[in-house]
Amino acid sequence: MSSNIASADGRLGILLPGLGAVATTLIAGVHAVNKGISKPIGSTSQMGTIRIGKRTENKTPLIKDFIPLADISKIAFGGWDIFEDNVYQSAVHAGVLDRYLLEQLKPELEAIKPMKAVFDKKYVTKLEGTYYKTGATKMDLADQLREDIRNFKTENNCDRLAMVWCGSTEIYIEESAVHQTIESLEEGLRNNDENIPSSMIYAYAAIMEGVPYANGAPNLSADIPALIALAKRNGVPICGKDFKTGQTLMKTILAPGLKTRSLGIAGWFSTNILGNRDGEVLDDPASFKTKEMSKLSVLDSILEPEKNPDLYKDLYHKVRINYYPPHGDNKEGWDNLDIFGWLGYKMQIKVDFLCRDSILAAPLVLDLAIFLDLASRANMSGIQEWLSFFFKAPQTPTKNMQPLHDIFKQEMKLKNTLRHLQGEDLITHLGLDYEEEATQNA
Amino acid sequence: MSSNIASADGRLGILLPGLGAVATTLIAGVHAVNKGISKPIGSTSQMGTIRIGKRTENKTPLIKDFIPLADISKIAFGGWDIFEDNVYQSAVHAGVLDRYLLEQLKPELEAIKPMKAVFDKKYVTKLEGTYYKTGATKMDLADQLREDIRNFKTENNCDRLAMVWCGSTEIYIEESAVHQTIESLEEGLRNNDENIPSSMIYAYAAIMEGVPYANGAPNLSADIPALIALAKRNGVPICGKDFKTGQTLMKTILAPGLKTRSLGIAGWFSTNILGNRDGEVLDDPASFKTKEMSKLSVLDSILEPEKNPDLYKDLYHKVRINYYPPHGDNKEGWDNLDIFGWLGYKMQIKVDFLCRDSILAAPLVLDLAIFLDLASRANMSGIQEWLSFFFKAPQTPTKNMQPLHDIFKQEMKLKNTLRHLQGEDLITHLGLDYEEEATQNA
Amino acid sequence: MSSNIASADGRLGILLPGLGAVATTLIAGVHAVNKGISKPIGSTSQMGTIRIGKRTENKTPLIKDFIPLADISKIAFGGWDIFEDNVYQSAVHAGVLDRYLLEQLKPELEAIKPMKAVFDKKYVTKLEGTYYKTGATKMDLADQLREDIRNFKTENNCDRLAMVWCGSTEIYIEESAVHQTIESLEEGLRNNDENIPSSMIYAYAAIMEGVPYANGAPNLSADIPALIALAKRNGVPICGKDFKTGQTLMKTILAPGLKTRSLGIAGWFSTNILGNRDGEVLDDPASFKTKEMSKLSVLDSILEPEKNPDLYKDLYHKVRINYYPPHGDNKEGWDNLDIFGWLGYKMQIKVDFLCRDSILAAPLVLDLAIFLDLASRANMSGIQEWLSFFFKAPQTPTKNMQPLHDIFKQEMKLKNTLRHLQGEDLITHLGLDYEEEATQNA
Amino acid sequence: MSSNIASADGRLGILLPGLGAVATTLIAGVHAVNKGISKPIGSTSQMGTIRIGKRTENKTPLIKDFIPLADISKIAFGGWDIFEDNVYQSAVHAGVLDRYLLEQLKPELEAIKPMKAVFDKKYVTKLEGTYYKTGATKMDLADQLREDIRNFKTENNCDRLAMVWCGSTEIYIEESAVHQTIESLEEGLRNNDENIPSSMIYAYAAIMEGVPYANGAPNLSADIPALIALAKRNGVPICGKDFKTGQTLMKTILAPGLKTRSLGIAGWFSTNILGNRDGEVLDDPASFKTKEMSKLSVLDSILEPEKNPDLYKDLYHKVRINYYPPHGDNKEGWDNLDIFGWLGYKMQIKVDFLCRDSILAAPLVLDLAIFLDLASRANMSGIQEWLSFFFKAPQTPTKNMQPLHDIFKQEMKLKNTLRHLQGEDLITHLGLDYEEEATQNA
């Protein structure tokens, strides 16, 4: 084991702003796994393997056997919500997991009650919260969150913490002056600046408490110069934005495949139908815009139309999300691709992904908490680009750098980082400096 | 330019056993490209790019500008067929390219007349040929082919040649004694051994004439110890088998994507409907078996169920091909994937690929001829595993080695080979010895 | 109420050869409905409405309020199977209904135990029965079934009975000499004629006992001159064959729709994937042939290519069934239609029906039992063509008559028969004689 | 032949406001048919058959052989457009028909030049016209149209005329005071009332000139009390609105099919992607609203949720249209249906209709012109409900009457009307008075 990484022993607390469908599916699932009822399918940290050495050596351990990770049998869960329901009640309401399973976990889930949320309807207009904190300033609210964090750690005997945003998509906000420096942000918190939405207050509180922070929504949240600087100053690893599940996951699998064969793409139409709270929130155009920006960005960095103009420069890309209650949490993503091959002849690909939103997202929350905890123990701070693998809109170390969207390059980057941490030979050259693009040689 | 590679100047002759839909689409297409009417979309050698050096250097030339390849404006085409139609007539009959385009190329296409094929209905029971050679022994037929090859080269002023099998799928034949050594094979040719189908006679003739040979069908053809040994002895590069287009192309894109996220797969049902001659041939169970073996093999080497038993050990994989005349050459591949995620919850993916068989295959023929010619000029002989990228059932350097099916690893292997040939830094470590698995570190 | 129809009071016994997925889904469902847990969705007799009089009168009662039908709260269920499992066990094994529902009905379902089946592996090669009758001749077996029927009626205090075949598809058997007359059939039963499969023995036993008989599989069963004559002689109503669910249901909805707009159809490709026992049985080519004949027949009588040659004479129709265990009872039917419109321009329709085999079939069993009981009480005997609505391959009154497949004409025929029975004005003219085509004016 | 119907001899002029994709596809098609190049597939008047008498009589003539219709070899086409392109140029621009076909018809198509349109960008905000009339008042514009009509008739030696609106969808306008009486409308025309869009001016002009008028868009146009009254006063038959093609056509085929089996529907999500001018116009929310109202209305009248509340009262119906240039005129309609069966168990149906907008619409224009001409010759005036068959939002004789959307009932109504006109027995009772719902007994 690498001497540079602090021990993974002890208890990890996972703090979740937003105890809705995703968070409760995660919490119930970890309990089910620990009881031996189910397997943590879809979790890279629990099920993923990593090849070590030459292919002929046939050494492919589980990642969790290769590098010391927090033990999921020793996790404590906590969180905030705008409804007072405990995790059992919220999970039943979400309707993701079947009732028979939930009944078997009832005592454990009932024991987890939300803390009062920081919430302002202005940023999520479709939600009507009933259970949230009050305070004269946003800094007051941040202070209350920090106190919650400290209390949770003590009460749950946690050795370390990690926070993953599982709340709603907020309205579209562009980066502005208040977001530029630690000082301007703190001034804004004290002045109730309207460009500081709730998710940013959580991020600030976490980083101030030294708690690693990941952002599962497309909200700005920690993706501003002020919080990136704060994360570095405080030695806290952070990452984001927007869990890569469903349709965008498929897109970042298919697009590299078509490109590798020099097949052209004239159009890509993506529509989603979903009926959970997330779908309801995204029915608001302002929240949708935030999501749309996140979803539209992925193709350009994969296809590089400027380098392949005959193939991709006229690509028409359209993304739609439709709130459709009959589907509940069973999100369906339907894609039509208009592609062209030899001599420009047209072909089409249709992909219908009958997925489950929270089933795909829950293991990502677990992985992010566990890998951020690893990063923290390895003294890595600031943006963790090697966790791009989990995001629709990965944060990059520097502003002018294109995010990496190709899921196969993201995977290589993640695994080489793990190999590097453990002193194993890399499969590809790894940038020595995380400020550089680590996949420069990928 | 690398000093180890002989010049690409001069005229390359491409010889095609089987002047049907694929071959005529290729030939017409190259003429159209040379006349500036169309672009060679889908061709890696003509449209593909390759990153050189660090990502930040932003150096991504076209492959053909990076390494010396035969110039497609100087290609001569020839071939054999069991029908006497010239290439124009055959292309009109195939119905792949629109008539308006074909009329513009009529003189050039009419000028290409087939040579008499080597054909035996026993190996392709659904076809009824009318234009083929006779001979007392299979060796006699091979000799006639060799004479065709020499004549073609002279008559067309070619400096170099390459042959790509574009004929039909033959009935399923297992490797047997006659295939083991050069001697046993030549003995078999003289004795009309029934385990030597037509495609093997072409391969033998090509290799004897020093002509690189690629096999676009799943037939054994050159994939036997005797011909591999002969290729090495004669310094001839060879590769195969079975062009990776349509459904299998999609499969080797999707499967790595699901695996990277540790998503389980319970079932994968693939059905094809197509109405061209290929579809008719595959309606024969014996020919279908050859194809089925080729199509079924891809998932295991990608998913490695033995290393990921919770995810893939129970995968039920079924492939169907249906002859369906209304579709003509517009092959449609419909896939249903039953996948499972967190706690084993089930999801489904449907992919409907409305493709065009010959449009996808034609550029592969061009690429294989051009890359085999490169290999020949670089003194590479025997199986070219770096061309696995183009095949459903790639030949491997040694028998007990698993073929590489993951298209992203195949691409890496191909491009690193090119970088290596030109003395550029590799993106991944490359095996120095082609006997070894070159992607051992991929 | 019509004076010609005997009272529906009292208890109806429904006898089911084959207590597998369909039958147990029916039985559990009727119990669930009677307990107020669920609704009998999909049942025409329970949920269907019928318009009476002019549209402006706005009189649209439920069918069951319009004409006296057996009350589903007074039904007794019985059946035969080749496995000894009781209905609860069989339902759990079938995996159609969720466990939570089944637990609520456990006592009622456990109480229903199968009688020993009449079974011969020769006719269903994929099944391995363990619980069946023995007898020297097929007539002995028929006698045992007749005794079962009489005992069931007494023990369950039934006033009337109806039998619906819910067993497997048998191998393809053509009508032959033994099937022609009552005498030849009875002779064959005594001589163990190999052209008398098990389902025919059940049909004979039912009709001999005066029990109406419906056939949910494509087996010949009661569709032979001998049994049709017997049914008339004994005053017993019969009908068949092969429940119209899933893909064929969709086909008989879509085809009339395209025809009404004079849209041409060049090809119709239908594939099914299913993983239940039915799928396993149909994996046998001999059983599949029986099913294929049933499935292929529907288009011709709807499209009438002889009257519309420009539109339908070249239609290429192909049907495939694939056994695919990952889907279980969740049958999926995927259809591709190649259609053409104005000037012959081509268009395509894809239909993916993610259905549930037994959920679609169960209410048909109920409806058939209930409507056959009505027919019996109304003194209707022989083939009941007005029940074509429920079948893929409806029996017709005379051999040379085309069966009616258009579901909208079938519906009209069914409802006009009900109106006629109750003395209401018909919506269309009804043939007075059931020997005639009743929809002659439809 | 019926003595009540005036002769169909002579020349019919078809006047088309809007010479875009639909109109040019119609015009080119009729020329191609008359030259024997193609068949008028999809046209009920040209290809449709009608059963006469009892089914056993086997009398099923073509409709056009049964009742005297205008001969399509004697049709003259004219129209108005906001671009000056002749029909050949417009057809090339539309890209619906292949160039090879258009070249064969070039002289005939070039000869048809548009008349200057009546156009006001206010009602179709996405269009930028360059070729339109000017006038001080809308009545002036109407007068110019009337003069165009008279001139066209004379110059083309027409015996009779019919007009079919093939222009764009206008913004949503509700019926208001100005639309109530002939007087108020004429007053509004003189005062430039803003509630009188261009399509209403065309309808007014046609009816004033005694020319039958059909409306292929969802615009109000002739569907106002004033113009209905005018049509009756002037003895002019009219009908509308909105050609039933693509997705809505499928919907009115599928919905009756599900209903007949008492299958419940929880949700119906419909999305369209199309890239022609129609798609561009509908990208404007005000035009889309007009279309959406038309598309959403069809399910209620078919499913009658008030009579089948357990099955349809909670149906969530959503329709989306997306402008997507890569598809051009090849409109694709994708539908997801969430249905439920026995005990409420859920199933899904996906329909992907890869259609061609103008190919489906063109024969409807022809049929409407020809059937309106028949109506005119049979002295039928006002709303022709028997032509509901062709429309998404059929006009009904009286306001409070539900339109008939079930395509099978629409077909029966159309054909019985034809039988009635020719004195044949009806297949169903026909309302004697067209003010009544003729399908009251359907």
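Order of writing sets the chain letters: A, B, C and D. Residues in each chain are counted from 1.
Definition applied: a residue touches a chain if its C-beta (ideal position, glycine included) is under 8 Å from a C-beta of that chain, and two chains touch if they have at least 3 such contacts.
For each chain, UniProt lists the protein as follows: A, B, C, D = Inositol-3-phosphate synthase.
Predicted model only: the values in this text are computed from it and were never measured.
With A-D and B-D as the two chain pairs, more C-beta contacts join A-D. One of A-C, A-B or B-C repeats the interface of C-D: more than half of the contact pairs, counted by residue number, are shared by A-B. Between the Cα centres of subunit B and subunit D there is a gap of 52 Å.
For the pair subunit A and subunit B, the distance between C-alpha centroids works out to 41 Å. The set of subunit C residues that touch two or more partner chains comprises 348, 350, 352, 354.
Contacts from subunit C toward subunit B in the complex involve residues 266-267, 269, 271, 273, 316, 318, 320, 322, 324-327, 332, 334, 336, 338, 348, 350, 352, 354.
Contacts from subunit B toward subunit D in the complex involve residues 98-100, 350, 352. Contacts from subunit D toward subunit C in the complex involve residues 25, 29, 32-33, 38-44, 46-49, 54-56, 60, 97, 101, 249-250, 252-254, 256-258, 260-264, 304, 307-308, 310-311, 340-345, 347-356, 359-360, 362-363, 407-408, 411, 425, 427-429, 436-437, 439-442.
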